[in-house]
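Both complexes below contain chain A, partnered by chain B and then by chain C.
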Partner chain A sequence: MSVSVRVPTILRTYTKDAAEVTAEGDTLKAVLADLEANYPGIQARILDDSGKVRRFVNVYVGDEDVRFADGLDTVIADGSQVSIIPAVAGG
Partner chain B sequence: MSLPPLVEPADELTVDEVRRYSRHLIIPDVGMDGQKRLKNAKVLVVGAGGLGSPALLYLAAAGVGTLGIIDFDVVDESNLQRQVIHGQSDVGKPKAESARESIEEVNPYTTVVLHKERLDSSNALEIFDGYDLVLDGTDNFATRYLVNDACVLLNIPYVWGSIFRFDGQVSVFWNEHGPNYRDLYPEPPPPGMVPSCAEGGVLGVLCASIGSVMVNEAIKLIAGIGDPLVGRLMIFDALEMTWKTVKVRKDPEGEPITGLIDYEEFCGTVSDEAQEAAADSTITARELKEKMDNGEDFYLVDVREKHEYDIVNIPGSVLIPKGEFLNGEAFGKLPQDKQVVLHCKSGQRSAEALSALKGAGFGDAVHVGGGVLAWVNQVDPSLPAY
Partner chain C sequence: MVMTATESSTSAARSFGPAVALSCRECGQRYALGPRFACEQCFGPLEVAYEFGDVSRESIARGPNNIWRYADLLPVPDNVADLPNMNPGLTPLVRADRLAAEVGMRSLHVKDDSGNPTHSFKDRVVAMAVEAGRTFGFTTLSCSSTGNLAGAVGAAAARAGFRSCVFIPAGLEEGKIVMAAVYGGQLVAIDGTYDDVNRFCSELIGDPAGEDWGFVNVNLRPYYAEGSKTLAYEIAEQLGWRLPEQIIVPIASGSQLTKIDKGFRDLVKLGLVEDRPYRIFGAQATGCSPVARAWENGHDVVQPMKPDTIAKSLAIGNPADGPYVLDVCQRTGGSVVHVSDAEIVDSIKLLARTEGVFAETAGGVTTGVLRKLIAEDGLDPQAETVVLNTGDGLKTLNAVDSGVTATIKPSLDAFKDAGLL
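Our next item is the complex of A and B:
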């Protein structure tokens, strides 16, 4: 499955400034692993040391937060969009 | 989802007020009823900065009867690129006072209440009590969580917006009718991981994009019109020029909010490791100058980003961004036989890098407290500050 991943500004240092990249995988876990293979370091900004999604980052598949779906096991349909949304506090 | 109006209507509008607000009054959804509700509304704006500036101006222009402003800061020249409520002649003036003067010029019918103290757990509930709605445009996580928790405890809707570089996020949190901020972001990021606008920058006009949505939502809640942004998060990308909307739900694992906590401790300003590393290993900008003047042999490293280095730098410094200290790439570039001296913009990032550097065995390394800003301030005022 090929999906597009929206990368927030603060993580674009890993994607050479690309705002959107493509990744492969049937589940979110696989998509993030594929992302890590192509953009080393990015996964650690999304997952903590125990492999869970960090509590100040939200990952959406379509418009649904995966915390309220199946988390990292959330199934990714072909062509869906994964968005990474980190907490920012600027004002 | 529509919600009942937040505010009861005022008894009447004067002839002058009818003339002033006529373009609202002839919108059927607003009308006399909605405008009277705005007149009776008490809105508290936390921070008269980037988001607070357009928000306060438009809330005042819209006819909100009472505007509270919390800000303990003073206007700095670097604010004027985006904080349009302040002007050149306000530099050095308390932001709350400067904002009040602008509001009085926009709408003399708005009553302004100033809160010039620093908002914290000891005064938040007292200050918030009596306001119908809180709009938050502050620049740090500790205040965000404090404002959220106080709003939950007092059952006040919390209009929230946040900006960084070209990205904006905006939502309305109202625990009675939907999620609160902790449902969206249960915990703050560790200090040092997410740069602030002072570190990373922000496109000035982004404040208007996000601030105007915040005011739009405040008006809707007060007048009880339209679909409020409760349970939805809007994400703006100013480079791609896209708005994306995602759902925000109540977190079933969320802990109930029963009281205010120590938010500085909850969020941390500098990590424990960095504090420990910097404890006995911090020199002042003047001490750095003395080391140079005495001809001491040391290796000065600037851990900021290249575009910051291009704005201003300390003579003789070598640029190695903080990220290379955290991933270890920096260590191979450093001399083993000289003391390493780190600095950044104001001292936070260099403390984080120092912690990593000491962990890698550079025991005599130090960092410059206050960073290049202290250098400009204390050693070479001819250089620009940013």
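Our next item is the complex of A and C:
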């Protein structure tokens, strides 16, 4: 499963400034692990010490916030787009 | 860019008054003042850190009759009062004796922020963002908005000479759409909820298309949010330099509530008011109550929900400052409460009928929560209490069904026959 991942500005130091990268995996967890393999250090910015999505990070698969789906176990279809977005906005 | 020790007094400091840095609320990492909003280490929200100079009640009283009287406590240029800005603030603190008598309170005030230039509290926060945007050299002002903010940004951009392009969810109240569009900027409705709009803006900011854009509630958010402190300053000053014992604040993102708390603490720290306990209560609509539900369930994180309420200005299902609201309400001995749409409408009418204040739906939420807290023994009816009304009922006319009492012919007989005497 190949997916496209949109990377927020503050994580682009890990992706050599790329705003979008590709990754493999059939769940969000697998996609993040694949990202970590290619861009070491990036996963610890997205997940906290207990392995959960940090509370100020929103992750979307397509248009769906994974907190409304199955979190890290959310199934990722081939060709999906995963977006990682700082949660601290709005109001 | 992580801050080094030598950067603590950069040349930018003069443009930001007493502000010296941005600091992560989660991990404490400090950054130089700049157009940034999330911590590079943990994604936590950044907020403005200050080194206040001498500020007295007298120096404040010598200032203008708007929020710039508190400029020494805000991240704005020293000459802010001379710059083209909407100059909001110093809205009435209405002594609400008739409402108090009706609901059974001893001392009640309504802070009526519909008196701002675009008729909501948003003028306060946008005023900060305009100054930061000017300093950072942005050419376009933008935002994600539930309606009130769109109007505030449109107006402030027009006055200050920025382009504006603001984003709202489709289906907002007509009054808010017209009010946002009339200032001549671009107004874009997005087919989705506010949270979808917010996500869109957060993505646009990382794209070259949004490079020169100051999003007041995204990349300018640390500065913008500080504007809500002025509500706390004004309330204390208008009470005769005293903190209220209880205050009821609406929750959308939760930022306003946390900044009112920060404002009260500033005043205590500076010795401008006596350090006495205050309780902060958060108010939500049942149809969008993620923070109230977290409170009820004893959680310290907020599970997002999909909003469905007439209180559209509060319809943020994934509130960025939700966890901090829980912290503040816990620490101050308050709570977070929600009321139904029917209670909101009823409370809008109650406030109008007793105090002559026509609130938008958010004011119905806070007034409704006041009644609910009284009914459930959730607050002290003897304590000095302030309820916020953050916007104008004219923007949410469809929420209420008030209309003419009767239509009659222009004759005394017709009037008498209608049974209105």
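FYI, the second predicted complex is superposed on the first by the 86 of 91 C-alpha atoms of A that agree within 3 Å, B and C clash if a C-alpha of one lies under 4 Å from a C-alpha of the other, contacts with A are read in each partner's own complex, and residues count from 1 in each chain.
The criterion applied here is as follows: a residue touches a chain if its C-beta (ideal position, glycine included) is under 8 Å from a C-beta of that chain, and two chains touch if they have at least 3 such contacts.
Keep in mind the model is a prediction, meaning the values are calculated, not measured.
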{"item": "Touching partner for A:88 - first (chain B), second (chain C), both, neither", "value": "both"}
{"item": "Partner chain in contact with A:51 - chain B first, chain C second, else both or neither", "value": "neither"}
{"item": "Touched partner set for A:41, first chain B, second chain C, both or neither", "value": "first"}
{"item": "Chain A positions touched by chain B in one structure and by chain C in the second", "value": "6, 8-10, 13, 19, 45, 54-56, 58, 60, 63, 65, 67-68, 83, 85-91"}
{"item": "Chain C residues touching chain A - in the complex, by the definition given at the top", "value": "26, 37-46, 144, 194-196, 198-199, 201-203, 205-207, 215, 217-218, 221, 225, 252-256, 301, 303-304, 306, 316, 318-321, 323"}
{"item": "Complex interface listing, chain A residues touching chain C", "value": "6-10, 13, 19, 45, 54-58, 60, 63, 65, 67-68, 83, 85-91"}
{"item": "Residues on chain B engaged by chain A in the complex (per definition of touch)", "value": "47, 49-52, 136-141, 144, 161-167, 169, 184-189, 193-197, 200, 202, 233, 235, 237, 239-240, 244-249, 251, 323, 327"}
{"item": "Chain A residues within the chain B interface of the complex", "value": "6, 8-10, 13, 19, 41, 45, 54-56, 58, 60, 63-65, 67-68, 83, 85-91"}
